[in-house]
Structures are given as C-alpha cells and as structure tokens.
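In the two complexes below, chain A is the common chain; its partner is chain B in one and chain C in the other.
Entry: the complex of A and B
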C-alpha cells in the first residue's frame, strides 16, 4: 500500500512555568484555540484528536478524560489518548490519517510536571516487581547510565558540560524555554555534583507546559500551510525493560529507529533530540549517526524545559517550525520514554 | 520481609504526594462551599450554568467559564439508586439513597445522599434541600452538606424547562 503524504502544518506551545495554579484543562484550552486560529481551521475541520499525558502525574485515575473538555466534544468527535508523551499520540494520528479515514488530525499533550515529585513518579515506569519497589529515582537511573558511559569513555564530563552550555545559550532565543544561561563549559564543570556524576545542569528542568500540532494529508496540508513539514519517515523502537539486560553505553533502539526512519539518506539540518540528560544527547547523536553539520536542539531542547509527556511533542513542534521558517530543509524530531532511553521514536521531516 | 509456607514475601508500599490546584475558575466554587453557598459558573458562549464547574471549562463550547452564579440551595432529584449492599468502610446505615440532584438554576446535576425519608418514597422530580453539618466541620468540600432531605413541595416535572436533558 502506498503511504499517504502527511505533514505538520501548524504548532502552538505554552510558555513554560512552574507550580502552575491552572488545571490541565485550563492550560490546554488556550493553546488549542491559538493553534486553530493560526492554521485558520475550525474544531469541526478536525477529523481525529489524539492526546498524550500521564495520569500518574496528576495522581487521578482517568484524569485524561477531563482533557476532552479542552477540545469541545459536542457534537461528538473522534478522539484517542495515549498514556505517554504526545509524540506517541502524533504517531497514532499519523497512522489514523494513513488509514484514509481522516485528512486532518490535532495532536496535543500536557504535563504539570511540578505538581508532584516527578523523579519518583517517572521511576514507577520501571518493572513493578523487581525495580519499582526499590524506588530508584529517575535521575539516579540516568546517573547510573552516565557513570557507565564515562567509565567506558563513550562520553566525557566536558562534552556533557558543553551540551548543557549550548542548550542554555540557545534557550535565550526561545520564548517557551525556562532555564537560560550564558555560562561556559568551564563554568558549568566548576559546579558541584548533585547526583555524581550528574550536576544540576546535566538534568532537564521540570516545568508545566503543553503544546499542540495539526497534521494534514496531501493537498489539504498544502492548503493549510505555506511550507508543510512533510513526514518522510517515522519509527518507534523499544529496548528491554530489564535494566541489567541492555547496554547502558549505547542506544540500540534509537539506532534502529533512526535507520528505519531514513535519517542517513541525506543530511539533517536540524535535529531536535528529546534528551532529558546531557549524556543522553551524546548517546543519541552517536546512535543516529548525526554529524557535526547538524544543528542539535536550536530550541535549547528538553534540558531547558521538560514538561513531562509534552517535551517529546515539543521537539516535533520545534523541528517543524524550522521547516516553516525556511531555516532548514530536512529535520529530525525525536522522543524518548522510560528510564535510560528505553523507548525511542524518530521522525524525519522535509520541506518541499 | 517474612517467611511463611517456604515463600519469601515482600511488602513495599509506594506513596506519592501531589500539590493539587483547583484552578482559578473553580476556586470560587470551593470558596462558596466554605461559606455555605453553592456557587456555579456560567459559560459565556452557551449560557449553561455548571455546578460543580468541572475544570473551569465548558466542555460543549471549549470556552473558559466566566461569571459566578449562585444556585440552589433547593434542587430536584433527576435520578437515584437505593444502596442495599454493604461494603468495607461504609459509614451510612443501609438502605440509603444516592441521587443526582439538579440544584435550582444549575444545568448539570451533582450526586449526593438523600436522608430523612424512607428509601421507597424517593422519586424522580422530588424536591430536596441541603442539611448542612455544623459550621465547625466545614471545609472546601461538598461534604459540608450532610445530606439532602425532601422539602415537601410539589414534585417538579422534569422536561423541556430543564437544561439537564
């Protein structure tokens, strides 16, 4: 079966904040309205709605159902939800459009990351029998991975500090970013360890945020956007959940996903990598074979603003915007999920 | 850790504490309850009155709810069930009635208990009023109302005049 041409035609993101007193629904609603206004479509033009969020973050079972209030479900709509980052909701919407049932989909995601202890909450994603009862802490798991990478010589602390310094500098040009700075790698290396070998700047900044994206097929996409970001390849791969059974110094799932998405077929101008820890960006660059000529995370990436469950979809929004603006022709958007880069979704988009 | 029947058992409870926010649009609802008032919210687009104000948003119109509207305190039973089944932690004497109550002036119903009458006398359309707990026990919760009880007024015929259809 021939695949349909599907593109991102519009994006909207809410500026990051911490300890937001708005409900998730109140956070989402204006962003979705802003996106509809931007793309110049009505709610009735959307054939499929897909949402990414995590009930563990709000502490309320089925809390995602209330998010439907933000999209207006009357007359009835066709919608779905993934208990995951919105990037995986985008993948579902892409499949839905591929079936030919709909031409336009709106994907949205939200995370009130600062309303609970996100380090503990995310570590509940681990194997519930052998690992979760140990309450390892999500940052601590990443620190184990960083230690293994440093010991193996796959990354250096200086490289990690350079990733942080670049991200914080680039964040200064991004209105939705939270952590911004102008420190050198040397300045950052002088900072104390928080979870040895990780320093505070090696770990993503938890923020409350949300975003939304419109996907459309073929001529509909051409009508809705001047320069749509066409999805040329998209792939999702998962490493084993047994932490001790996989190599911590590489990401084989990211490598396979990148290969299947066609990353190596041509140069990549911009790569928006969802790397919540500095060493993970280095691992992902290695796994995907990204060269020095690729601009990594011009947005500042998840390090400077990590709304959990929305930070992956934010990478798609940022990558697509660089196509819209004409500053890039071929881009990569990536989302990770689970401890130590367990899951990886890679997407290649191109402008015409 | 304990050993019994040759098995090693491990109990490791996991608890997570959250800071939950009602949101600016639902705060007047909770503040109203602390003053013994039922405060709902009106949709600026379709004019329906929500009590409780859900997440501060009209789900039909996808609009942020705007003005405060005091509703009730009396209301009408729109549907009910008689609970006869005992369960762990039950606080109320069986049988009791859990009902959906449409407060006067509201367009969505809410659930509460019906007491001070026989369960078999409860019916759709029955008029009820709140019985508040002692003020010293009040918080930002609908539990400030101990239960609802019949007013003795004539039944209200639920139909076209109601927004709850």
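Entry: the complex of A and C
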C-alpha cells in the first residue's frame, strides 16, 4: 500500500506554569483557537480530533471527556482519546489520515502535572503485583538506570550536568519553557544529590501545560502551510515491562524505532528528544546514532518543562516549527512513556 | 408524600474479590510461608519473581525452582526522603537484586543505613515482614549481609 504524504502544518503551545487553577477546558480552548487562527481553518474543516491526557492526574475516570467542551461536539465530530502522551494521539491521527477517510486532523494534549505527586502517580503504571506495591517513584527508577549507566561508563556525571546546563541555557529563548538558568556544568555538579546518583537538575521540571498540532495530507497540507513538516517515518516500540529483564545501559526499543523511522538515512539537523532525565538523553542519542552535528533540544527539551502527557507532543511541535522557520531541513521528534524509557516513539520530518 | 425525602447510604467501595491466577497464587502463598520460588524458562534462565509465560516462546512456564533468600545488588539508588507507603520510613536504597540461582533481578528496598554501605555487587538477604498476607511486601526489605554500619 502506498502511504499518503502527511505533514504537520501548524502548532500552538501554552506557556508552562505551575499550580494552575484553570480547568483542562479553560487552558485548551485558547490554544486550539489560536491554532485554528494560525492555520486559517474552521472547526468544520477538521476531519478527525485526537486527544492525549491521563485520568490518573485528575483522579477521576473519564475526566478526559470534559475536554471535548474545548473542541465543540456539535455538529457531530469524529474524535478519539489516548490515555497517553499527545504524541501517541498524533500517531493515531496519522494512521486515520492514512486510511483515506480524512485529510485534516487536529491533535491536542494537556497535563495538569503539578496538582498531585506526579512521581508517585506515574509509578502506578508499573506491574501491579511485583512493583507498584513498593511505591517506587519514577525518579527512583530512573536513578537505578542512571547508576547502571555510570558504573558501566556509558555516561558520566559531568556529561549529565552538561545536558542540564545546555537545556537550561537554551530554555531562556523559549517562552514555553519553565526552568531557565545560566549555570555551568561545574556549578550544577556542586549541588547535592537528591536521589543519589541523581541531582535536582537531572530530573525534569513538572509543569502544567497543553499544546495542539494540525496534520494534513498532500495538497491540502501545501495549501495550509508555506513549508509543511512532512512525516517521512514514524515508529513506536516497547521494551518488556519486567524492569530487571531490560538492559539498563541501552534502549533497544528506541534503537529499533529510530531504525524503522529511517533516522540514519540522512543527517538530522535538529532532534527534539523527550528525555525526562539527563542520562536518558545520552542513552537516546546513543540508541538513535545521533552525531555531534545534530542540534539536540534547541527548545530546552522536556528537562526544563515536562507537562505529563503533553511533553512528547511538544517535541513534535518544536521540531516542526524549525522546519516552518527554515532553520532545519530534516528533524527528529521523539516521545517516551513508562519507567526507564520503556516506550519510544520516533518520527522523522522533512521540509521540501 | 410531600416532605418525605428518600435517603439511601452510598459507600464507595470495590465490593468484589478477584483471583490472582495460578502462578501468582502459588508465588504469594510461598512468600507468606517465607519461601522464595521462581520459574525456569525454555532457555534455562530462572525468574524471580516467577514469570508466568516464557519471554522467548510465550509458552506457560510450569517448572518451579526453590531458591535461597540471598542475592546480589546489580544497581541501586538512595532514597534520602522516603514517601509514605514505601518499604522503609527512614533513608534506604532502592535496588535491583538478583536472587542467588536466578538470572533476572527484581526491584526491592535495602536497609543499608547509608549510601556508603551499598554498591553494585553487595550481597543482601531477605528480611521477612511480621505480617505476611501474601504479596511482594511480605518481603519487608533486604539487609546487607554482614550488616550495615
């Protein structure tokens, strides 16, 4: 089957905040309206809507249904929801457009990450009999992975601090980013451990945020955007849920996804990696074979603003914007999910 | 009748029981009796906690292996500020622990006292919980063999 050409033609993101008092509808509505205005389309032009969020964060089953108020359900629309990052909603929308049923889809995601203990909430994803009763946080699980990498010589604490220093510097140019700074790696290495071998700067900043993206096929995409970000490859792979059976020092699912998405076929100008921990960025770079010439996370990445369930879709938005701006010709967007890089979604986009 | 309001109590609960299946039943029973049992896969690897299905072939695993209550730390991290509900209320180590005679490590806590008392390769031993209803928390935590200072 010949695949249809599908591109991202517009993006919108809400600046990150903490302890937001807005409802999901209140934060989504202006972002979706801003996106429709940017792309110059009406709600009636959207053939498919797809939403990523997590009910566990609001502590209420089917809470995602209320978000439909932000998109309007009359006249009837075709919509779907994934209990996952919006990047996986984008994947579903890409498949929907591939079926030929629709030409335009709007993908959106939101996370009020700071309204609860996100580190503990996320670890409810682990094995309900063998792991979850121990209540390890995601930070602790990542720390186990970091220790294994440090001991094996795959990463060093200095490299980890350099990832944090670069991300905090780059964040200063990004209105969506939250944690910003101008510290050197030495400054950061002087900080105490919070969860040895991790320091505070090694862990992403939980923030509240939301974002939205329009996907379109073929000539429709060419009409809606001056320079669409064409999706040339997209692939999602998962490592075993049994924590001890995984390699702690490499990410095999990220490597396979990158290979299937065609990352190595040509140079990558910009890679937006969803790495909530500094050592994970280094693991992902190794797994995907990214060279020194690739600009990693010019947005500052998820490390400086990690809205749960929206940080992956934010990587797609940032990568696509660099194509729109003409500052990159071939880019990579990545999303992870689950403890210790369990799931990895990799997408390669190109400008024409 | 005007003025009468019907009132009914509402108790939020899960008013049902569920079975954990044949493998977890046997596993949880053995833990409540202070015994460690794993399963052997088609490639000879022994899993603890037991694997229900072969990671290589997908076939149900039925060969059980009795294990000792000692193991080796393969990686660790230091929880300086424990969260309510975690295995220990004072600073402790999370660790992936390979039980002797097995090939795949498990997650648990080590009451090491200080990060100076634990390293990759440290030998540890199960400390059983006083109350063992059947579950992974029947293992209260692990102690460093030879004692933590």
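Keep this in mind: the second predicted complex is superposed on the first by the 352 of 352 C-alpha atoms of A that agree within 3 Å, B and C clash if a C-alpha of one lies under 4 Å from a C-alpha of the other, contacts with A are read in each partner's own complex, and residues count from 1 in each chain.
We adopt the following convention: a contact is a pair of C-beta atoms (placed from the backbone, for glycine too) under 8 Å apart; a residue touches a chain by one contact, two chains touch by 3 or more.
What you see is a predicted model; the values in this text were computed from it and never measured.
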item: Combined model on chain A: chain C and chain B, fit or clash; value: clash
item: Chain B versus chain C as contact partner of A:110, first or second or both or neither; value: neither
item: Contacts of A:151 with chain B and chain C, given as first, second, both or neither; value: second
item: Touching partner for A:11 - first (chain B), second (chain C), both, neither; value: neither
item: Touched partner set for A:140, first chain B, second chain C, both or neither; value: second
item: Partner chain in contact with A:195 - chain B first, chain C second, else both or neither; value: second
item: Contacts of A:297 with chain B and chain C, given as first, second, both or neither; value: neither
item: Chain B versus chain C as contact partner of A:120, first or second or both or neither; value: both
item: Which superposed partner A:131 touches (first chain B, second chain C, both, neither); value: second
item: First (chain B), second (chain C), both or neither touched by A:179; value: neither
item: Overlapping contact positions on chain A, where the chain C interface meets the chain B interface; value: 117, 120, 133, 135
item: Of all residues in chain A, those that touch chain B in their complex; value: 19-26, 29-30, 32-33, 43, 56, 58-59, 66, 68-74, 115-117, 120-121, 124, 132-133, 135
item: Interfacial residue positions of chain B with respect to chain A in the complex; value: 10, 12, 14, 16-26, 54-64
item: Sites on chain C touched by chain A in the complex; value: 20, 24, 49, 51, 55, 74-80, 83, 85-87, 94-96, 98, 104-109, 115, 120, 135-137
item: Chain C-touching residues of chain A, taken from the complex the two chains share; value: 117, 120, 129-131, 133-137, 140-141, 143-148, 151, 193-198, 240, 242-245, 248
